[in-house]
Amino acid sequence: MSGLGTIDELPPDYRQALSASNVLPLWPSLRAALPYDKPARRARPVAWRYRDLRPALLRAGELTPIEKAERRVLVLSNPGLGPDAMRAAPAIFIGLQLILPGEFAPNHRHSPSAVRFVIEGKGGYTVVQGEKLPMEKGDLILTPSGLWHQHGHEGKEPVIWLDALDLPTINTLEASYCVEGEPQAIRNEPDASQTRFRRAGLLPYQALETAPARYPLLRYPWREVREALHSLSGVTPTGKAVQLAYVNPETGAECMPILGFSALMLRPGETVAPPRRSTSAVLHVVEGEGEAEIDGETLAWSESDTIAVPTHADVRLANRNPRKPTYLFQVDDAPLQKKLGFYEVLN
Amino acid sequence: MSGLGTIDELPPDYRQALSASNVLPLWPSLRAALPYDKPARRARPVAWRYRDLRPALLRAGELTPIEKAERRVLVLSNPGLGPDAMRAAPAIFIGLQLILPGEFAPNHRHSPSAVRFVIEGKGGYTVVQGEKLPMEKGDLILTPSGLWHQHGHEGKEPVIWLDALDLPTINTLEASYCVEGEPQAIRNEPDASQTRFRRAGLLPYQALETAPARYPLLRYPWREVREALHSLSGVTPTGKAVQLAYVNPETGAECMPILGFSALMLRPGETVAPPRRSTSAVLHVVEGEGEAEIDGETLAWSESDTIAVPTHADVRLANRNPRKPTYLFQVDDAPLQKKLGFYEVLN
Amino acid sequence: MSGLGTIDELPPDYRQALSASNVLPLWPSLRAALPYDKPARRARPVAWRYRDLRPALLRAGELTPIEKAERRVLVLSNPGLGPDAMRAAPAIFIGLQLILPGEFAPNHRHSPSAVRFVIEGKGGYTVVQGEKLPMEKGDLILTPSGLWHQHGHEGKEPVIWLDALDLPTINTLEASYCVEGEPQAIRNEPDASQTRFRRAGLLPYQALETAPARYPLLRYPWREVREALHSLSGVTPTGKAVQLAYVNPETGAECMPILGFSALMLRPGETVAPPRRSTSAVLHVVEGEGEAEIDGETLAWSESDTIAVPTHADVRLANRNPRKPTYLFQVDDAPLQKKLGFYEVLN
Amino acid sequence: MSGLGTIDELPPDYRQALSASNVLPLWPSLRAALPYDKPARRARPVAWRYRDLRPALLRAGELTPIEKAERRVLVLSNPGLGPDAMRAAPAIFIGLQLILPGEFAPNHRHSPSAVRFVIEGKGGYTVVQGEKLPMEKGDLILTPSGLWHQHGHEGKEPVIWLDALDLPTINTLEASYCVEGEPQAIRNEPDASQTRFRRAGLLPYQALETAPARYPLLRYPWREVREALHSLSGVTPTGKAVQLAYVNPETGAECMPILGFSALMLRPGETVAPPRRSTSAVLHVVEGEGEAEIDGETLAWSESDTIAVPTHADVRLANRNPRKPTYLFQVDDAPLQKKLGFYEVLN
């Protein structure tokens, strides 16, 4: 393939005329926009250590009162994506949010969708459309696009959770905004969706009488996920990932529209090598310790650390503990890629 | 509306000519085929008492060796649908099947779909596509259209289960047939789908990577259903049915293509009046006792009894025990009616 | 396979007890209900000649005033399905309807779905939900389940059309009924859906902004179908059926919920042998002449004749005219069988 | 709402520590990422005049031989989106491509999807998966993600077409790449999909026997679209847009996965004001002249001009010619927004 022409090879007057007309010649940038055989990836494999982030987050609590912060969040910024990129991976916003006892985030809704995955602390809660959802370590709470939600903290110690948002996509498309609302009336059935949707294969009968709800289940308690991982482990051959996807029980589809969420268990001493995928992902360690090898780069991790995985990457995940399982929470952009028609499983 | 012409009003030669041409005049039968405002129902509310059927079924075991019966089944025959109608309700075949210790039903598959709901006995099992499924009281086992299945009995007492089939529809459409096959190779993961699909909202990750399975879950254990009914009860107002539908966990759709299955709990002393529906149904009592009032007719029931409910019927179900809940298993033809576009919830 | 026990082998007292309990032993009827390898078909290949039916229909017009007939229809009755069976094939009702100048069928709707396919005459029309649809030879008019419709005739000669209904299925399920209504207000956009939906691949933009309409297109003019068959013919190898299905343009799904409709063209001298299918069908000749060989039985046909094809049948269709194409209109129960999960293409 | 803390208010050592840990504080950027009530839009209403672009494109043909350009394309760059942005609107890449007689673009496929809309010239063609598609003014040709395609030119004058790609989204997600292939074997049925899919509501029967094709129709000839617009015009009230969407005839869904395409007709002298939408769009003038008022800014246009419309914009389109209709081709990102769950029709 011979080299393409560069921008410098064009006469200055021509370049000026193009610029005045708000057009660009494609060919000098063609190969960057459309490389051969594999995307030009800028995102890098990165590990964020909780032992570094936790003190920084607590210090933010001291430095900045909640009125000046609104959300006290440190955003994981993938250094390959440029300075100040609010992206851990191309399509994934990850923040660590601190909420102190008695603090409160007033009722609002926004066009991006968010989930909250609890890292530590007791007494936090989120109210979504009137349903009050308790938050315990490892719980996943949905606050989807357009749904009213507010947060609070009735406990005694700092609560820290991980926010995962589809903000990069919504923002690039210039569709991100937020609306504030009156405080919600809280129904007297806290956490009711938990009792409605218990067992795979069983739905409230009236769910069949109406169109499927977009978000019938708003909290996925870690205790239940952990148990289900152990069940699944019993019928999964060694070396194959024990992995559960968080889905809408009324449709079996991913629980959120753009980002996908799943929980992974690596059995003691086990190494798994998922197929190479066109998606990018973020892994968060719920329990245990191990190593990720991503495109040849090795990153060690332990509890509450977070790791970025670029698109089209070769990945191996190893549990280095020979006696205990390790559990990971995974965020990926597979729902987006599948819906938009370019999801691929390579290998 | 004046009366329509009758067949007798037509000249005999004309009637003969029509008959010779294989045609019928519509108008003498029009009102029967298309009555005003409500279907002309022939099916009647009926109760079948287990205390009558059980001895008859055991006697069948004595009278007819399994080689002469192939399936030792008594078919519930709704007297309104004509003599020898193998239909408990217009679209629903219900049989009570006896299987004695050591008996075996060889591998086969058929175009109708069947489910088995266990009434009594231990040690029965069904093998579906290589997965060996234990059968305990109240368990629901799917043997869908086209899937290989065989039954056996490794226990010591008679096993009796209820068969529900969509045979009336398949048979009317002249599409019912059966194929016999070699004995299945049984996989060494008995009841594996139970461990794969545990919790509402969690699916094995690979379920998202492939087209949804049509029948990923083949057994719905009663123990789990009963627990889930009690959970649901906590968020269901008194007087509203506590009812769970059996669904495909990968899609949230009814678990079988033509007939629908659900479990109902009536709390102590509770009466529920579901809306009038265009569907017909069969109710089977798993535990407890009570009364059904169907289009003004009252039918009492106790454990293991079975009741037919015609289409478009007014129904009230009452638990007459002030201290214990009662549990019903319901079969209806809602999936068929919804897919075919004439399902209605009336009043 | 040894013979199963018969009903006569059971002791009389036992048979009496079963009967009193409203149950039947399955085994004497098992093989009839569930035969090996292929359905037990009662429907037979039949041809109805228009030269016989037309005079009979016109005589019905003389014998029975419209007030005594409400619909002046001769129903094609497949002799294999029993005397007085209002079924041309197991799931298909076919009637030939006569409407005389000035006659009028008042506004009504019913749970079965109907289509009208015009055989002869000018000036007939149907109004569906306020849209007045002209009816010319070969046009297909939909009057789906639950939609208001009324018919009329503003011409000077008898109009005869073919009615195809899913009545057998609805009736067997005891869900068939009819409601009469006030005369419809006719919108001043006659046949408007024709102008909205012209070209494959183009939809009114607002169709994308709302849920797909169930019946956006109510008339399929024969002139357009015939032209499209000729186009399709250009890219269809000889010996392969040139066949167009009538679909909902907003979804691409069959235009009606239970029965399927399509138009077939056999090129001059051509013979086609469609695959054996689990469906039954009715063929109506729009133009031309030829022969059908169905399970070895040969039936000749010419214009406006109608032929029944049983389920699972071997079919060959031959155009015996070496110079002109022939056109057939086909009704089948494929949508029903697909939705209910037992549709099969065999061999 | 009090102001949030700024980055400068944080102690330098803290900022340094954050930076070293690859994290950013959210609060200084929160309002920019998530503004109140309406997105922060950078894209601007822009008009590109064909009278400026055409000479520039032809000069590119002189300056740069095809071997140095591979694709001779000028990219419309919305000045609000930053220098060198290859985006006409946030999610939409628009290029004007010149192909000279005898030139050839070899066989390739890529993860972005593209369409080609012909502006001028005769003799161009595209081969997609072996089907050779002629290209005439106004024709829309699909070259979807992953499908092999090659272009050529058998005429005598320059051919210019408009490329619309979903490249911005694919590129942001780091999933854009291209694969080159051997020249395609061209089937001897040029433009065959045109003859298979003619009329709305009619599909080849075999389309019902298989899963819907993702891209059954590859060319949408302008002549057909124009005729269909005139038909639609007859049932569209004045002041309401006469607008046809390009869809997949087998599903009724948008013809491409991320971007949506439609054709608009403004009747002589007519002004239409579509509802405000969350989407961005590009309008290209096929015939006629008029004005667009976008968020209060007025842009005049005439044949072959192109206009960018930001998200959430107020738009009025006016045909200034009192005697002739004008026709616009519209590209928007509605399919993407709908699939991802944040599409909105506002006010």
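Labels A, B, C and D are assigned to the chains in the order they are written; within every chain, residues are numbered from 1.
Keep in mind that, in the parts below, a residue touches a chain if its C-beta (ideal position, glycine included) is under 8 Å from a C-beta of that chain, and two chains touch if they have at least 3 such contacts.
Note that this is a predicted model, so its numbers are computed, not measured.
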Message = Counting hops between chains that touch, how far apart are chain B and chain D?
response = 2
Ask   = Looking at CA centres, what chain is most distant from chain B?
value = D
Higher-contact pair (C-beta pairs counted), B-C versus C-D = B-C
Message = Distance between chain A and chain C based on Cα centroids, please, to the nearest Å.
response = 53
Inquiry  = Report the inter-centroid distance (CA atoms only) between chain C and chain D in whole Å.
reply    = 43
Request  = Go ahead and note the Å separation of the Cα centroids belonging to chain B and chain C.
outcome  = 30
Request  = Give me the residues of chain C that touch two or more other chains.
outcome  = none
Ask   = Touching pairs of chains, which are they?
value = A-B, A-D, B-C, C-D
Message = Give the list of chain B residues in touch with chain A in this complex.
response = 189, 192, 195-209, 212, 217, 220, 224-225, 227-228, 231-232, 234-235, 241, 243-252, 254-255, 260, 262, 334, 345
Key: chain B-touching residues of chain C, taken from the complex the two chains share   = 2-5, 9-11, 14, 17-18, 21-27, 29-30, 33-43, 46, 48-49, 52-53, 56, 59-60, 63-64, 67-79, 84, 86, 90-91, 95-96, 110-113, 144-146, 166-180, 214, 257-258, 278, 280, 310-312, 333, 336-337, 339-342, 344
